[in-house]
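Each of the two complexes below includes subunit A, the first together with subunit B, the second together with subunit C.
Moving on, here comes the complex of A and B:
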């Protein structure tokens, strides 16, 4: 475990102080802080960082709300819920490569995709799903949401199992509405599980790359490029491993910062409810 | 019942949104390349003639590759999911029931350290893995990939199991302890059964993660230990995608994971222990 976690970390950190390049045969040199200085003037990195934060913020929030709603709906004792639970788990089991190509590229295709075709059939204007910078971001979030809402549902369903039945029954006897029960009993008790689910999902979402590379290729322009995609381009395509590692470290710092902030806020919220 | 009505509408909409793309993958697997490029077609026999080309490719030409990839995927994903869930359960239980202190590190810091392992973008660490695995002769082995995926899944399984055990009422364990049960007995007879939904969630999550992982499989395997995602990616060439083959393979890849989901779904919902605390 230590070897798996520490070695890559130290290795990458070491890279950031060098001039290692995959394609250019230059003697290995330690160039100090040059890569780190370059970071602060790199506008592309800043733009991809903002994109990434939009994807994570927007996508994870939507996935959490949908996942929670589905989990609650499927925990109510309806007859068809066993079948529904399995059905709603399916998207996360579809390979992301296939999701990107078949759903991202075909279903959302502006030329031969069914969505625009159906929109036009009912008299609505076609949408520029991938060619408009704004809509392309939405498309990425939608595809990501289709794939990962099931994970949120799974984790929230697990969380719901741990909630004791007595306070809910007591509240129901006292005449509380379903919404009041959810708002004042179920939701506060679900907070710790919610935080874990959001954190797990956000950490993966921060590294979003597959869907982007397949569906929009980061375009139009740089409108949907994430930091991970940028790191990949700099490292694997341009061969500049040292700078790619530095950019990856920037993402690491941002993620650690955001995680700390999120855990701090969540602790405060929990204290308020406790 | 207004709430019930809202629930049903929500489920119906969600079912449609979930099913439509899946339906699209199914019909795409029966289309020819020509059917796909022009305008969308929706119904077999009505607006396109289904062919079995994609499936025929899967079952004849590519059969041995497909079987090998699925066997590899099953071993690697199943192995890493089981190991990561067992270790995650142990660590998760420890983090909720005992107070650890190492210098200024407390339980919450240890938990945060676990999850922080997943923060670095994979592109940044894959090269380090490659070098490490080459040194250890783990390249292109199922064992190597299993070790890597176990390492990636553990931070998540620890957190999922920590929450699951935190929801087990302490009174239950204490009353068992008063009755003379040993620590191991309490863990296996009382806490673990109550945390079964957490175990199942953690297992499913770790399995699906490994099942669909692409980047590390690409870098760490070449031939013997390749997994299904690599085979999927091979259907996408510089000339474009082989849509029918890609779709047929996607569905084949979905089946084992879906079977696992169907088998485990019943354990997601806890029934028996309701009211075990009086």
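Moving on, here comes the complex of A and C:
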């Protein structure tokens, strides 16, 4: 545990107080809080942090809704359930780079992609999926959603199958509608699993980089650059490991903050439904 | 051995296997995706981590690799095998050598060129003249290029499902640097001044001077004549658009020639070849004013500068590595590679620029001559600009591509975006050492003192 987890953390924290640069053979120096001070004036980091929050907030919310809907449908005995489960899980098994290329670069291609063809076929204007700063963010969210909704579905399905049948049957006997059963029994009972699933997916989504690099390269401008992509650029392209580590810690703090927030919300919601 | 894009990797693997069969040696050729190649190579060498005995890399990382002292000098016998004197001087000195020492073995010679659909130009000549009052011919200037692009997108091919006036290379973190510099060179490379990226006296960036700014503004104005989504086009989208027949004009490397003959091409025999257009006026940084000459100011851009092979000084198999690298760079291999589509090898030697080679590969004589003449005219041009190969190139490139992308997508004006990029360039230069960067830059320009 110490070697695998704590040491790298402490080591990278130590880096943030130095001038270590991979490509510049300069003598190692302790520079105090310089890197941390730079964070507060780094507009690029702020922009990429906002982008990341948009990707996580938008993407995970959509994935949760779709994942839950699919899980409910499958749990109700959708025809060809086994085949459907396999089909739904396929996107998750493909590498994000391939997903980025196939979905992001090909399907959402503004010139020869089928989505714009479809829109034009029904009389709607083509959409600048990857070249408009706003739509490019939406495209990243959609590609991420295509890949990771199955994970959400899987977790929700496990949650649904763990719900005891008695309260639902009792509610049916009492004349409750399906919506009422879902709203007042199934959904509250699913909350612990839901919060866990959202948290797991959000923690992963905060690190998004692969899809972005393939689909937009972070552009147009910096419109789709995530913090991880920014940290990669600073660390790997500029060799500035010390500042890259500092920026990575910012992401870590945000993730920790979001985790605590999620747990707090989880407790409050469960208290409400208890 | 490590190499870049898949196409040339496959060819290189086949040739490396030939060499292995001849010598009894064992060789493995691994791919590093193009977008990660520079980062991985630099990171490995900087941390004294073994990456390969031969590194196939683009010349603009030469400053970091050769200048950084990571590479072994090429022995005389390897230079002889690679027919050193047959390599064009611009590549011998700017690509394969650094500080007067030869390190690299040849593979690819690169210059961004202008392609047009000769068949369509002939078909629509009268219509174009009626619409614009000008004769329709290959664009000599970027303004003519824009006019032709507008005509094809809005008139000639407007009834086609897919038909556009141009296709270029604007994508950030892809080929945006090369796409922009090819255009900017005509606007900002003064024939009377060797400097382009920087002031060669002060190392002050020039990328936000009026020449570069106008180049970016003019580029932004013609993007609409390209295929939808072109801001996200890299090498492959660009090439496939042109050989797929949907663009009337293209700015690309020499690969379009062999690709136009490939089975997927619909433009075989219908392609015109020429140097990239020039600008009607250019910014003279010495006079601080716009200037013009007898015709458009042409400044062919040797973007990327070509793939070449380097052997790390830490290789445990120096002799074998140079044996393979010089075999790959030998005239026979390069001749075969140059005329084969998808190898990534563009002509950069006297032998590969001989029209007879292309005729022997099945090209019509006049087309072979037109193609090689166009490349020659670009490479031999007195105002040609060789790509940057300063230490820190990836950082300079990132900052510039970000600015270009912001301006082209309307997030910032050309001036604001380039001002910001220039500020970042100054920070990079200061961090790396202005005096040392200046020394290397001046050396690359052939300036002394």
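FYI, the second predicted complex is superposed on the first by the 272 of 274 C-alpha atoms of A that agree within 3 Å, B and C clash if a C-alpha of one lies under 4 Å from a C-alpha of the other, contacts with A are read in each partner's own complex, and residues count from 1 in each chain.
Operating definition for what follows: contacts are C-beta pairs under 8 Å (C-beta built on N, C-alpha and C of every residue); 3 or more make two chains touch, one makes a residue touch a chain.
Because the structure is a prediction, the values reported are computed rather than measured.
Peer 1: Could you look at A:133 and tell me whether it touches subunit B, subunit C, both or neither (first, second, both, neither)?
Peer 2: Touch status of A:133: second partner only.
Peer 1: If we overlay the two complexes on their shared chain A, which of subunit B and subunit C does A:236 touch? Say first, second, both or neither.
Peer 2: both
Peer 1: Considering only touches as defined above, state whether A:257 meets subunit B (first), subunit C (second), both or neither.
Peer 2: Once the two structures are laid over each other on A, A:257 reaches no partner at all.
Peer 1: Output check: A:223 vs subunit B and subunit C. Expected answer is one of first, second, both, neither. What do you get?
Peer 2: After superposition on chain A, A:223 lies in contact with subunit C alone.
Peer 1: Which partner chains sit in contact with A:114 here, subunit B, subunit C, both or neither? Use first/second/both/neither.
Peer 2: After superposing on A, A:114 lies in contact with subunit B but is clear of subunit C.
Peer 1: Could you tell me if A:91 is touching subunit B, subunit C, both of them or neither one (first, second, both, neither)?
Peer 2: Touch partner of A:91: subunit B, not subunit C.
Peer 1: In the superposed model, does subunit B or subunit C contact more residues of subunit A?
Peer 2: When the residues of subunit A touched by each partner are counted, B comes out ahead.
Peer 1: On subunit A, which stretch or stretches are contacted by subunit B in one complex as well as by subunit C in the other?
Peer 2: 105, 112, 236
Peer 1: Which residues, counting only subunit C, touch subunit A once they are in their complex?
Peer 2: Contacts found on subunit C: 35, 38-39, 42-43, 46-47, 64, 68, 162, 171-174, 227-232, 241, 246, 391-392, 394-395, 398, 402, 405-406, 408-409, 411-412, 431-432.
Peer 1: Can you list the subunit B residues touching subunit A in their complex?
Peer 2: Against subunit A, subunit B makes touches at 3-4, 7-8, 10-11, 14-15, 17-22, 24-25, 28, 36-40, 42, 112, 115-125, 127-129, 131-132, 147-148, 151, 154, 156, 159-160, 162-164, 166-169, 194, 197-198, 200-201, 204-205, 208, 211-212, 214, 228-229, 232-233, 236, 241, 243, 246-247, 249-250, 253-254, 257-258, 261-262, 265-266, 268-270, 274-275, 277.
Peer 1: Which residues of subunit A touch subunit B once you look at their complex with the stated criterion?
Peer 2: 1, 3-5, 7-9, 11-12, 66, 69-70, 73-76, 78, 82, 84-99, 101-103, 105-107, 112-114, 117, 146, 151, 154-155, 157-159, 161-165, 178-179, 192-193, 196, 199-200, 203-204, 206-207, 209-210, 227-228, 231-232, 235-236, 241, 244-245, 248-249, 251-252, 255-256, 259, 263
Peer 1: Considering the complex alone, what residue numbers of subunit A touch subunit C?
Peer 2: The contact residues of subunit A facing subunit C are 22-24, 105, 109-112, 116, 126, 128-133, 213, 216-223, 233, 236-239.
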